[in-house]
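We just call them A, B, C and D in the order they show up, numbering each chain from 1.
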């Protein structure tokens, strides 16, 4: 059997999506509660790593995932930089927040201007980046050896 | 005072591990100890006795600009950044250690001596 | 506002670094193209910034996000202009050079250029940063990129050198962070200008000296000063040649010397008259580095290892010159940073060409490269002359200024030592010329062809600049190095300019 | 597809419970994130979605919780007595028991229930065989062993999942 034992596989199947959902929750509520892009991104990466450890993967799939995650990582970085440059072009200030995007009312989900967007960018970068690190370290190869 | 001294102690333990241990993985662990010590110290810097976590929970606080008795949030933000840096260095260090293991089939640093001087 | 260009120094290379992995999936050569274009753009921006500072006489400043003093400050004065110019000249040459040099390695082209651009982004960010913690972050960004670049070849020696370098460098980084935490604990601010005012109010307490000592240990590790030099030779030796040029020419000076002198002179307000202990310490360690590095370089038989030890020796020169502490000393130190970046950059690039064409860098096996690789040979020879301090090259004037400074400060033995080790430098560099480039018996390896055109071009740019800086030294002194030296000499004037402006 | 849809609904409900608000922004964002989560990992859901709709199964699940709690309490007291009593009355070992549960998730829940009661620990599942580390092997007969370890769990899990 590829991957880990049945117990791990079934529980992973139940929980991986919920872990991803919780990561998304943390990322999107980064401007309202503790946590944010980095913490949520780590959770997202944890979900991806959990699935790839539990079910194992063939070399080809891993390669494809690696390329995909590196693309996602770069686009997260570009998105973050784009937010900074948007402020720069609109109001002369890097990372300018006031007056550029909809600020909203405090403690609502859509509020805080560019901060939620920046959190999403960071979450994308961290999640994809950590998963890419995992794949590059080849940790799943050790599980598959038997 | 004691928490600060504990941080320094943790730092010294980490330094001892980095200097004296022969195993690559143990060196990485020692380095993580150093990093935790510094991060903990930095987080302690912002601590105020009896103060609250710097989180706004009620909309009124924003509107009225109420300055509650918060701990200093800046060190926490900085420590978060430092943790991210530490994460990437640890990952890079571990990957280098794994590469060394693949090349030399050992984690013992005294057997990894291609370079002298 | 006049500081509009400042964020570009970080934004351009970061955008390049993120674009390279995306676009090189379509066509691998996009990596080369993006790296060259971004570094050329950066060079243009830094020249523009230098001209603006020079014309207006006023430094440029910028507040990220418009949050004034609580946000991240960026600052571009004459000293920054000098450092940024050095970074981007060498960075541009390194990325142009790498295009053909990377043929040695199988694949990974985009990784190399991403990391190189990150390294440049980190160094540029450090140079323009006016914020203590931001300095730390940029030091770490460039350091992490450099660790990965040292290990780029993934041979045994390279990985081992990178691990060694990484452990030492990260301990240095942790010590720096500890120092920053100490400062924040007392001053509760991170803006360098505000910090210098707050620290001036505290006086010269034991705490002040403790923080200085902590930071000095961190920076000493980063710059490879003598007791902590162990990583430097191995890392420079193992890295790909353009990265060795970046590390030796730029990295150790920006993350070590520049960051240290900015903090010490402009924030802590040290000066020869008030705190001689600090300057004597710099002279002591600098002299030891100068002597030991020079002597160790003399005994090496490997091309790049010799150059690496030579870097330690030249860092010693810079520290000694800073320690002299008068105008000529500091101008000499900054001039030497420039001369060394250009000269040592050329030498490392030349070593890379030799290695690429012949497959070895053991000096005892090489012979007669002068016939087939004239451009490399003459780049090497001219850069050696500059490093050894022969007129009319850049290195001559830097050493001249250092000696003038030492005599003016009545440190005759130091002047003598500096002159003596110029001769030693000439000795070990001509040893390379004799052994590798001209005909000799008992050796076999030689090359049939000159290095590819782009590699030669990168070397020639640096050589021409070396000669130009030497010939036009008056202009460089008046418009580039002199104002930069005055920034350091004026010390706490910095805070008034930032907060008043 | 049905699995992904079930996962999507479950994820959405979890999101709303996490935020504890019915603000329309939260509802929309929750739907989006749950959609992504279901799209990526919904296919791994080890349940038949139509079984989720059967209220009888949910009833048995509610009954199962106190039963499990009671078994857990008994096992806790048992182990605590072993710890407190002088001398080592242990006879640990790994035993093999058979189960007649069919679906994977039922087997895994059986294994987890056994693990969570102190004194027993599931090591591995191979087809319909469970390998269990037991603190005191009280019997030699496989049938009896299986009965002792599984207790009432199997009966309820069959009702819930199979």
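FYI, a residue touches a chain if its C-beta (ideal position, glycine included) is under 8 Å from a C-beta of that chain, and two chains touch if they have at least 3 such contacts.
Predicted model only: the values in this text are computed from it and were never measured.
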Chain pair showing more contacts of the two, A-C and A-B: A-C
Maximum centroid distance from chain D, chain identifier (CA atoms): C
Inter-centroid spacing, chain C versus chain A (mean Cα positions, whole Å): 36
Centroid distance [mean C-alpha coordinates] between chain B and chain A, Å: 22
Length of the line joining the C-alpha centres of chain A and chain D, rounded to whole Å: 30
Two or more partner chains touched - positions in chain C: none
Sequence positions of chain B contacting 2 or more other chains: none
Of chain C, residues touching chain B in the complex: 133, 136-137, 140, 144, 147-148, 151, 154, 156-157, 159-164, 166-167, 170-171, 173-174, 177-178, 180-181, 184-185, 188, 190, 233-234, 237-238, 296
Touching residues on chain B, where the partner in the complex is chain C: 11, 15, 18, 24, 27, 31, 34-35, 37-38, 41-42, 45, 72, 74-75, 78, 81-82, 85, 88-89, 92-93, 96-97, 99-100, 103-104, 112, 114-115, 117
Residue ranges of chain A in contact with chain D within the complex: 5-7, 9-14, 16-18, 20-22, 24-25, 28-29, 47, 51, 55, 108-110
Touch list for chain D against partner chain A, complex: 7, 10-11, 14-15, 18-19, 23, 25-26, 29, 33-34, 36-38, 40-42, 44-46, 104-105, 107-108, 111-112, 122, 124-125
Contact footprint of chain C on chain A as seen in their complex: 67, 70-71, 73-75, 77-78, 81, 84-85, 87-88, 91-98
